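As structure tokens, the structure follows; a few thoughts come after it.
Letters A, B, C, D, E and F name the chains as they come in the text, with residue numbers starting at 1 for each one.
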Amino acid sequence: MAESFLLQEIAKRGLSEDLIYGDRTTEKLFPRPIPALGDLIAKEELVVAGLDLFQTVFELLDPSFRFEIAIGQGTVAAPGTTIGRLAGDGRALLKGERVALNFLQHLCGVATLTRLFVQKVAGTKAKIVDTRKTLPGLRILEKEAVLLGGGYNHRFHLGDLILIKDNHIALAHGIVNAVNATRATLSHPLKIEVEVETFDQVKQAIASGAEIIMLDNMSIPEIKRAVALIRKKRPQIEIEASGGVHLENVAAIAKCGVDMISVGSLTHSAKASDISLDISHHGAT
Amino acid sequence: MAESFLLQEIAKRGLSEDLIYGDRTTEKLFPRPIPALGDLIAKEELVVAGLDLFQTVFELLDPSFRFEIAIGQGTVAAPGTTIGRLAGDGRALLKGERVALNFLQHLCGVATLTRLFVQKVAGTKAKIVDTRKTLPGLRILEKEAVLLGGGYNHRFHLGDLILIKDNHIALAHGIVNAVNATRATLSHPLKIEVEVETFDQVKQAIASGAEIIMLDNMSIPEIKRAVALIRKKRPQIEIEASGGVHLENVAAIAKCGVDMISVGSLTHSAKASDISLDISHHGAT
Amino acid sequence: MAESFLLQEIAKRGLSEDLIYGDRTTEKLFPRPIPALGDLIAKEELVVAGLDLFQTVFELLDPSFRFEIAIGQGTVAAPGTTIGRLAGDGRALLKGERVALNFLQHLCGVATLTRLFVQKVAGTKAKIVDTRKTLPGLRILEKEAVLLGGGYNHRFHLGDLILIKDNHIALAHGIVNAVNATRATLSHPLKIEVEVETFDQVKQAIASGAEIIMLDNMSIPEIKRAVALIRKKRPQIEIEASGGVHLENVAAIAKCGVDMISVGSLTHSAKASDISLDISHHGAT
Amino acid sequence: MAESFLLQEIAKRGLSEDLIYGDRTTEKLFPRPIPALGDLIAKEELVVAGLDLFQTVFELLDPSFRFEIAIGQGTVAAPGTTIGRLAGDGRALLKGERVALNFLQHLCGVATLTRLFVQKVAGTKAKIVDTRKTLPGLRILEKEAVLLGGGYNHRFHLGDLILIKDNHIALAHGIVNAVNATRATLSHPLKIEVEVETFDQVKQAIASGAEIIMLDNMSIPEIKRAVALIRKKRPQIEIEASGGVHLENVAAIAKCGVDMISVGSLTHSAKASDISLDISHHGAT
Amino acid sequence: MAESFLLQEIAKRGLSEDLIYGDRTTEKLFPRPIPALGDLIAKEELVVAGLDLFQTVFELLDPSFRFEIAIGQGTVAAPGTTIGRLAGDGRALLKGERVALNFLQHLCGVATLTRLFVQKVAGTKAKIVDTRKTLPGLRILEKEAVLLGGGYNHRFHLGDLILIKDNHIALAHGIVNAVNATRATLSHPLKIEVEVETFDQVKQAIASGAEIIMLDNMSIPEIKRAVALIRKKRPQIEIEASGGVHLENVAAIAKCGVDMISVGSLTHSAKASDISLDISHHGAT
Amino acid sequence: MAESFLLQEIAKRGLSEDLIYGDRTTEKLFPRPIPALGDLIAKEELVVAGLDLFQTVFELLDPSFRFEIAIGQGTVAAPGTTIGRLAGDGRALLKGERVALNFLQHLCGVATLTRLFVQKVAGTKAKIVDTRKTLPGLRILEKEAVLLGGGYNHRFHLGDLILIKDNHIALAHGIVNAVNATRATLSHPLKIEVEVETFDQVKQAIASGAEIIMLDNMSIPEIKRAVALIRKKRPQIEIEASGGVHLENVAAIAKCGVDMISVGSLTHSAKASDISLDISHHGAT
């Protein structure tokens, strides 16, 4: 969860892009404050996420803003329902509308896409997890949206998990050596995960003592065979499937018995949720 | 185009998310530099964009990096082709890989989606234009990617065009009054655009003297009728169609004779292009 | 207009220069809060500008500050009149006084000088417009001060108008080619302006289809001749006069029939307005 | 003197105002680098200042820039002389021209105005000193320009001198008490200066033991009388005259025998020096 | 004293290190606010410092926090006494605890160590002064803690005192020449201090006219001899002893009659004071 | 390990404190570059750490600096040995000396103190680990210094380990419930650690399934008893001892059979190592 001082920094970054030289339409039209309401309406089914950042945008423009939330974070909003209502100076509503919606629509989009994946694997033990394939500057927010959609977080940065990937292995000398090299001076909070692409590498990874094995870009039969071997040899190992996962194949992968499936598109390719902000005179409602 | 000092700032923002506490895998595996190559491969057809930012990421990690571009910005890369090759310390390749690809895949995604829309309207005079529905912190980059995909840019911020939208009209007193109010003290570089949703509003917008009229969320017949009236009354007015545009309906809209069609999804919902960075020992190739 | 989060950033930049290591005089003299008033007095005739930034400086030092404005932005204050009154901890008054006055005196100076130019061209249709010859870091504020003085804003940055200047023409191949090159992929919100120095260039600029022509450093007879030709050939072109404009010659230029006159000195050479902040014990008044 | 990392920060602030969304004229006109020269010409007599910042602007845009200085900092340039020559990509010249000149013209303006004051007091022992009436964000640069013009620096911030001013005295209980209060826990590097407005305050200031006395807004006879008393009672006290100083009265003040005269207009009201950057094809010269 | 906008910047720097990706323990344990109290307890004798920064940390996390101070800045707290009590959301207490205590324990440590040195020189006229051997980013705070412990501040930065040190002398030509070179264009607020290491240098420093002489790394007899000479030749010179000062030898140095003794360890080697924050349910007390 | 762009940011923070208004001594003494050498000498036995940051400070002041390292990071330097030699403009040496040494002496101090603790537990399996009791803004650097001294890193921030501490338990309902609550939606890279203070809590922690148990502030017999129980019940649990650890008792704690001992003083109370930078003319050596 991003603390308010971080949310403010992110919101300012967005606002600066739009307001660096003012909102010349709004300023010319409305020289004085106009009491106004803004109704936030879901135009399609979506999972609500990003409300704290949405609110922060308007508070930066006018500290006296009030935001009444009708549907909380993590809830599914049906098309047409009101997510919340803003009340304040209509000029701040007009100035902040686009930036606030850009954040909100993207984060709801991530949460909503996550939920679709989660629904596909219902009934299996597989968790849907995110990746570091996030949009730069938005990682903590996107990862929170994944949680709100029912997913789980993979590592946040290059410092909170040892993850030996294909490119590491390409430059090192074998999986077992690589795991040993990292374990030598390892911090106790860190686990070790190894990415494997072949059955032979699966065997090496088991032998290496890694706590987690990521099966990367394997076919369904390959995944099944790998899972069977790992469960037999070292059942405490957590198994992650990764690579080329989409809504059509995720259920089949889940049924192979993996513990989790990581999906890059949750964060790098979620389409924006359709949400509108309907502004009206305060007296008019 | 973003100057190098701005690219560095954006690249640092991405790198900070990943390297705030170092890359503990790479640091433990490779205590010394390893000469390495990184081949950047398009895994699907895409329009190349974002190479300057991609390169900046690695230069920040190791100023001695070299990046040889094989396929320039704005070019279509066929699946399997090499976009470029990095040469430098393999540790910097491993540390920067994810952040650099996150930028590159997103920006190629925007350019590639733009090209799809542009192709759909080929043979008409309609231009495909972007919106301010950009991902916060990435606006200038996404707008450049739109250009590389063959699109055009709408305004960049709230200060470089007077654009009187539905929510302005809701709080003001009629389109004509609104246009007059903004024109009174208008800077000469600024044009005035009005967003209209009904045929009645089209008539008001023509009467107002606005240079540009945006037809928002109209049906094909409505667009045709509006275009006909505008062309008859004040042919120098530029006409923009907007709202609910997708790959399936964009050609039909273009054929109505509008000058441009703005598409929010170019920037808010482009899926990441599939691109890989294959790292190998420098001696190995 | 600069939003409050931008004003705070600018105010902090000024305060940091003064308070990086505290106000060692005030801290030693007054270990405890002292209720105090600060009367802001115009010591000469001036146009009021910059009050929001002035207020922001003190709010950053003490959020409980109150500022009662007696004479609003854009109003002419006669010598000796009170612009406003601050009430709060006298220590914050002493700490913020210089920084707040530095901003205020400069911005009032810009507005006041603008008004002098505007008065000189009264009765003509010529607008007084500013330039990008602003003091770095203060552009949005100085441009707002120009508006408050009755002037108009030219472009804000290198992205909101195509302006082909002498140095562009020196490196390109003729005005017509230059205009064509920029128009090819032009964003619809952008106009094209061309700077010309000779009568021959005026003809080229008319032929090029530019929306605005800037007559740079021409003599009064040259301006008249250029205006006559432009009005005859393409009356919708806006005409700007520029270069070497001062209070003595601006009226003569205006009478040539140009639409606007740009004046660099409004922002780069305005003298600070004379304003004092008279601080007294709160109980003392 | 501002170190290069500080100059870069200041230059970026200026460049950001202009290039936040690119230079759309230059980018469209010149898709490829153009070797170019830029000659920096003094259009009026001026004292050179700000060359390091001027150069920094272009280096940020193109690290391969070369800048050959013909007339060094602090030198008087006659009208028409070349201050220096830039060589590099003409596009960077066009992009950086305005920002670099804005800095340069302002700082040369400060140095040049300072020199005028210094010339007026030639033959007396009075030094011309600056104040904290600087333009926010530019203090260190303006103070260096004052040195280059032959002036001296007063304090830089509220922490490097105890200066008890009229507003401090208004809130405290007498000059002697104020000086004693600050001296009690005084850091040894700090001197104490007292601002006085009446002859009675002069006597108190002498009695207080302050190292420096500032005579504020006194008439010439008052200054003479104050100087005579101070020299008689405590000759080691340094005497500063301040308030309402301009080119017409500075010589008379200097002849009163004060040690220094502080002049706010040096920094808050200097007009920009007239300097042009003439750009040409590299091959063309 | 650091103003609140500077304290916020420093507090954010600390909080960012801890909360860049949230507090995942607290967030999972407590989905809703928990009214809580936090008692700040001195676990050993210490001088209180840093309370304003401590409070700022929690206010950034939750603006509704209340902090009741029981023992003010600069006071000695006996082991076991309560310094103050926080009341607010227990989640913010848990999130901010470590960062706030890190600041507080360090600053109390500096103040407490300073007091030990001050007590050792009681009865002499020697002041204990700090140095620029501060921890980067914390200088103004550490220098304030020194004041709270009864010490005095030496210069804050390289611009508020001329201090000619051993390495300057190594590169220049003699002490007298060096002093003359700096005095030529000296700002009147600046004093000149010279560091000397030998008796011969003491003589040069006296001759140079420096206002302050620093005796660096001299033995007790050498200090005595130097003090005697200085007092005889130019009694108004302030004398500083420096180098290798610790709690065991500071009294002996003080008794040599120096005016002040500078101690680097006050800031670079103070051990953190032992302080705990005991958190409990609000209803529980 | 901190990447160069992060080191530059940290170095600038330190340099800004010193050079915000220039180095007025050095600038006045040396108007032109002076080729100089700087020998970095260990004045006492120490473990070398922080050389990359030390070097960064000088490179920011003069990019042409060369730094030749004689004794690498993590090595023990005997008193009097040369750690490295700088060559460049003597003015940059003088300007950067204090800031660079402040960083270096602190980080060597941390590494050196760590080594002392590591030596005390030699022959046991206990690792010495750091804490989050770091000096704000320096965490990544201090944690790297701990590694160089032979220690291990505990978590870096509040997001890379679930650590349920005394204050969490005070606000929650029992250890087992707390662990269950955090495990419910746990990210797979995260382990769970529980802090316990009593033998009863040890039993709860074992039952909870936590991967790591921290024995806080227990006596030697209590630690032994707790270790025995844990080893018997769930041998795979890692055991950390914490609280009140110092050089005198650390060996005894290690002999209890714990896996690691965390020591706050490594980072919050390390004294600065004694290191000098001896500057000389380049020609002089």
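Please note the rule applied: a residue touches a chain if its C-beta (ideal position, glycine included) is under 8 Å from a C-beta of that chain, and two chains touch if they have at least 3 such contacts.
All of these numbers come straight from a predicted model, not from anything done at the bench.
Undergrad: Consider the two chain pairs C-D and B-F; indicate the one with the greater count of contacting C-beta pairs.
TA: C-D
Undergrad: Quick one: which chain's Cα centre is the longest way from chain B's?
TA: Farthest by centroid: E.
Undergrad: Centroid of chain A to centroid of chain C, CA atoms only: how many Å?
TA: About 44 Å, centre to centre.
Undergrad: When the centre of a chain is set as the mean of its C-alpha atoms, what distance in Å lies between chain B and chain E?
TA: The mean C-alpha positions of chain B and chain E differ by 51 Å.
Undergrad: If you average the CA atoms of chain B and of chain C, how many Å lie between those two points?
TA: Comparing mean C-alpha positions, chain C is 33 Å from chain B.
Undergrad: I need the residues of chain D touching at least two other chains; which ones are they?
TA: Chain D, residues with two or more chain partners: 19-23, 95, 156-157, 159-160, 185-187.
Undergrad: If we count contacts the way the header does, which residues on chain C are in touch with chain B in the complex?
TA: 127, 129, 147, 152-156, 159-161, 185-189, 191, 193, 212, 238, 240, 259-260
Undergrad: What residues on chain A touch chain C, complex-wise?
TA: 12, 15-16, 19-23, 27, 60-61, 95
Undergrad: List the residues on chain A that touch chain E in their complex, please.
TA: Residues 1-6, 140, 143-144, 156-157, 160 of chain A touch chain E in their complex.
Undergrad: Report the residues of chain D in contact with chain C in the complex, numbered from low to high.
TA: 10, 13-14, 17-26, 28-30, 34, 36, 90, 93-95, 97-99, 101-103, 105-106, 109, 132-139, 157-160, 162-165, 167-168, 170-172, 178, 181-182, 184-187, 190, 264-265, 268-272, 277-281
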